[in-house]
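Two complexes, one shared chain (chain A), two partners (chain B, chain C).
And now, the complex of A and B:
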C-alpha cells in the first residue's frame, strides 16, 4: 500500500498518540473518537453521466478549500454478448483516479500504485455477484449494459476510503438505467399475423400494419433495441438499497477511532476497512474487509472490531440513506415546484 | 456520530451583470499617473485592465494585451516608479530577510537540510547556521556532518529566521538563537500566509497556558507554555534542544491547545488576519460559551465567534 500520508515529526506523533490514549481521549480538532467531520454531498453533478455524486469530508465553511473531495460518476455502455466482452446480465467495472494535486508529494509511479490499490478494493467489493443489480440486461444472449463507476479523488484530507465508498454508493443510487424496447427487423409486408389486430404505440395506424417496430413476443428473436422517448431518464438500479458503505477503523491498540485526518493517519499503525451492506429486512452483510499498515491484530480483537464496525456502519448507512432521499427530493419534487412557481 | 450537509449553492436570485467586452463600462478602470500618486490600494480581478502599457511597465501578476497592462491575479495593485505589479491575495509565502517561519524538514542533504516553508521552493537550512547542542561555539566538523540526523531528520518541525536568499530565489534559514530550533509539545495549524502580519513578536503566550509561534509563512505552532528561563535553560543542557520527546502535558492544557487550534482554523476559514488580542478575545468567548471544543468547527458557532470578536475591533 503506497503511503498517502504526509511526513510527521516524532514529537507530533507522540503528541497525537498520548492525546488519543489519555482519558478522556482528545483529538487535534476536539472531536470525540467516533465523530465524523461534516460530510457534504450532492448528487447529479455530472449531466452526461447516468448517475453522479460529489462528496466532501471536512470542508472548511466559507473558504473554498479543505477536506477530502471525491467525485463519482456512473456511465452505462452497451456491450455485445455474442461478439464483444458482454456478459449475460451485465457487468460492473470500477476505477479510481487520484489527482496529482491531491498527493503533491507522491511521484507518478507511487500515484499509479495508490490508484491501483484503491481501484482494486472498490472493484472487488462492488462487482461482487451478491450485489449485482438485476436490471443490467438488455437482450438475452445479445446485449447487456456495462456499468462503469469512475471515482476521482480531487483532494485527500484523510479517510479517503470511506469517502470513495460513500460517493460510489451515492452515484449508484442516483443511476438511472435507460428503458429499452427490443425490436426485430423484418422485410416489408411480412409482419406476423398477430401484429395486425392490436393498436401499436407508433402514431400511424396504417403503418402499424406493416411496422417492423412491433415489440411483442420478440424478446427471444429481437435483434436490437431502441430507447423509447419518455419523460424520465429511466429506472433506478435494482437493489440500490444494498450498495455497501465502508468504515475505516483506525486502530491504535487497544483503542480505535473513525475519520482520521492525515496527521492522525500518519501516526496510526493499523487501519481496518470494513464494508457492510444492509439489505432491507435482513441482517447486515460484511462485503469486504482489509487490514492496512504494519500493525498486528489477534483474531479475538478482530471480531470485536468487526462488531463495533457494524454499529458505526449502520449509523453511517442510515445517515447517508437519509441524505440521498433528501437529494432525490431536492432534485425532483422541489425542482418541479420551483419550475412551476416561475 | 455523522452529519451530512449540502454543498453551498449559488444564490438563486443573484443577478450577475454580464457585459460584452466591447461594451464600455461606466466605471473607468484605467489608472492614470495621478491615480497612483494618491497612494491608495485598489483591488483587481484577473483580466481587469489596469493602465496603459506605454506609460508603465508590467510586473508580476500582470500581462500586456492591446497596449494595456492587465491583471492576471486577484490582489492589490502596487507601483514602484513605472513598474506596476499586482500582489495576489492568495499565494504562497513570499519570504523576506528577517521573517520568522515555521518549517518542516523534507530532506537531509550533504551539509544542509531542505525545509518545506510553504514557499514556492523548499528553503535551505545549512549545517553551519544551526546551533550545536549545549551552545558550543565552534566550526562544524565532518563528525557533525555525519550525525546531521541527530539534529534534524525528515518530518521534523522547526522555527527559524530567513537569513538570506540564494541566486535562484530559494531562502536560506538560520536557527542561531535560543528561541529557534526544533518544535515539540504541540500541534501545527496552517492558515493562508496573507493572514499573518509582521508583529513585534511572533512568539505569543496566551494566559491559558498555550504558546503560539506565528510563522509568517502561515504555519502556526500551538504548544504548551514554556517559561523563558526554562526554554533557555533547556538550550544549554545539551541534548534537550534537539529532543524528540514531549514533556508531560495535562488534559486541560491539551484541551486549551485544541481550542486555540480550532479558533485559528475558524479565523483562517473566515480569512481574518490573526493578532494576539483577537486570539485572546476569541479564546475567552469560546470558554464563556461553555461548549465543547469541537463545537467551534460548526459553521454557526464559528460565524458567531467571528461576529462577536470582530465587532469589538
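And now, the complex of A and C:
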C-alpha cells in the first residue's frame, strides 16, 4: 500500500511504539487506545446525485482545517438487460477517487494504484450478493438500475478506510430510488375491447372484465417504463440497515488501537480491516476482513481481534445510525416546516 | 436533495409568476400566489429553441428568474482544507468548485524545474457526481487537460513566479457541482486559493461568462443557456482592466461579441468587489485571532505589539 504520507525516523517510530505499549498507554493527542476523533457527517451535499454524504474525521474545531475528508455519492442509471450490461435485479459498482491534494507527495501513478486498492476493497465488500438491495429492478428481463457509488477522498489524516465505509453507508442510507411504472404500447385493433388508443397505459385496461387499475400482470409484458411523478425523489433504497461499517485495528503485537493519525499509521503499518453488518434481529455478520501491511499474526490473535472488532463496530454502527436519523429529520421534516413557514 | 428540488420548484414558480406579469416591477413581494404550468408560459412566448423553457421571456426574465445582466449568488468559503497551503470553495449559483494550492515548494521532479522562476502546475478533477449524468472521467481526459491548460495560461502572467526559482506551485481544482460557468468559477476560485496561500499575485483575476440570445447579451450562463447560446468567458485583472483570458468556442457575430466583451469586463469588477470583501474579512478574522494571542496570556505586558491593526481597514490597495 503506497499510502505512507509521513516518513518517520527510527527514533520517532520507537518513541511511538514505547508510548503505545506503556501503561497507561499514551498517544500524541491524549486519546485512549480505542477513542475516535470527532466525526462530522452531513448528508445531501450533492443535490444532483441520488444520495450523498460528506464525512470528516478529526477536523480541528474553530476554523481549523485538517482531518480525513471524504465525500460519497450514489447515482442510479438505467441499464438494458438484453442489449447492455444489465443484470436481472440490478447491480452495484463502487469506485474511489483520491484527490492529489490528499496525497501531495505521491506521483500520479502511485495515486492511481492507491485508488485502485481502495476501490477493490470497497467494491468487493459492498457489491456482495448478501447485501444486494431488493428494489434495484425496473422491468424483469428488460431494464434494471445500475447503482454507482463514487467516493472522493479530499484529505487524508489517517484512518481513511473507516471514513470511506462510513461515508458510503451514509450515502446509501440517503439514496432514493425513483418510482417507476411499467407501460405498454399496443397498435389499434388488437385489443379485444376495441380500445382505440395507440398508447395504452394503466389508465385503460386490456380487457373489459379486468379493472383498468390492475397493473400486476402488465409488468410481465411491459416494454418500457415511465416516472409517474417528476418531482418525487422516490422510495428509499431497500436493505439500508444492512450496509456494513468498517473498523481498522492498527496492530502492534500484542496490542491494538483504533483511529490512527498519519504518524501512528507510519509507525505501525500492520492493520486489520473488519467490515461488520448488523441486520436487525440477527447476529452480526462479518462481511469482509483484510490484513494489510507487513507483519504476521497467529490464528488465536486473529480470533481475539475479530471479537474485539465486533464490539467496536457495534458502537460505531449505533452512533452512525443515530446521526443518520438525525440528518433525515433535519433535512426532511424541519426543512419542510421552514419552507412552509416562509 | 429535497432542498434542491424544493428550490427548483420555487425558482420555477417565481419565474412563471413573473412571466405571467402578476408582480411586474414589484421587487418587495415574495409570496407565491399561483404556480402556473411551465407550458402556459412557453406557449405565450414567440420563437424559442427549447419548447419547455424559454431563455429570455417577454418580461425580460430568464429561465431561473434572473434579469439579463444579473449574476448568480456567489458564496466564498476560505476555511482551511486538509494540509493545503491555500484553499477556497467558491459557489457561483449552483456551480461549486474547491481549489487547493500547495507551494511554493520543492518540485517532485527536479528535471521539470526552471532556473529562474517557479513552475505552475494545474490539475483538474471533475467528480463523477458533479453533473446530472454520471460520467467517470479518466485523469488524462482531453476536456480536463484543456481546462487545466487554460487556467495555467491565465495565471502564468499574474503569479509572481520570478520570486521562487526552481520551485513548484501546485493548484488542484475539484469540481463538486456543475451548472454552467465552470471556467469562470474555476478561475475565480483559483485566485482566492492563491491569495489564501500567500502567493504574491500582481492582481486578482476575475472571470465571468456571457452569451448572446438573438440580439440580447446575457451574463453568467447556466447549463441550460450554455447549451443553446454562443458564449464567451472573459478574465480581467480589475485594477488595470487588463484581460488575461478570452475564450469563445461557438460562433458569434463580431458586433455582438464587442457588446458582450465590454459587459463582461464590467461584470469582472463586480466579482472583484465580492472577492475582496471575502479576503478582507478572512484576513481580519485571522489577525484578530493572532492579536488575541499576543495581547492576552502570561507574557502580554512584556511583549510589545508592533503591528498597527488599523492598516487592514484604511488601506485601499491590496
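In this text, the second predicted complex is superposed on the first by the 307 of 342 C-alpha atoms of A that agree within 3 Å, B and C clash if a C-alpha of one lies under 4 Å from a C-alpha of the other, contacts with A are read in each partner's own complex, and residues count from 1 in each chain.
To be clear about the criterion, a residue touches a chain if its C-beta (ideal position, glycine included) is under 8 Å from a C-beta of that chain, and two chains touch if they have at least 3 such contacts.
What you see is a predicted model; the values in this text were computed from it and never measured.
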Q: Determine, for the superposed arrangement built on chain A, whether chain B and chain C clash or fit.
A: clash
Q. Is A:155 contacted by the first partner chain B, the second partner chain C, both or neither?
A. second
(Q) In the overlaid three-chain picture, which partner chain does A:332 touch, first (chain B) or second (chain C), both, or neither? (A) second
(Q) Tell me the contact category for A:12 with respect to chain B and chain C: first, second, both or neither. (A) first
Q: Using the touch definition from the top, say if A:170 reaches chain B (first), chain C (second), both or neither.
A: neither
Q. Where does A:69 make contact in the superposed view: on chain B (first), on chain C (second), on both, or on neither?
A. second
Q: Please work out whether A:41 is in contact with chain B alone, chain C alone, both, or neither, and reply first, second, both or neither.
A: first
Q.
Looking at A:26 after the superposition, I want to know if it touches chain B, chain C, both of them or none. Which is it: first, second, both, neither?
A. first
**Q.** Selected from 23-31, 221-229, 239-247 or 257-265: the stretch of chain C that, after superposition, runs into chain B
**A.** 239-247
Q | Interface residues of chain A shared between complexes with chain B and chain C | A | 63, 66
Q) What part of chain A is in contact with chain B in the complex they form? A) 7-12, 14-16, 18-19, 22, 24, 26-32, 34-42, 54, 56, 60-63, 66, 263, 315-316, 319-320, 322-323, 330
**Q.** Of all residues in chain C, those that touch chain A in their complex
**A.** 1-6, 9, 30, 79-84, 87, 94, 98, 100, 102, 108, 123, 125, 127-132, 134, 136, 139, 170, 172, 174, 176-177, 285, 289
Q.
Under the stated contact criterion, what part of chain B meets chain A in this complex?
A. 1-7, 104, 106, 154-157, 182-188, 244-246, 249, 251, 254-255, 258-259, 261-262, 265, 268-271, 292-299, 302-303
Q: Quick one: which bits of chain A touch chain C in the complex? Just the residue numbers, please.
A: 44, 46-52, 63-67, 69, 71, 73, 75, 77, 95, 97, 99-102, 104-105, 107-108, 112, 148, 150, 152, 154-157, 174, 176, 231, 233, 331-332, 335-336, 339, 342
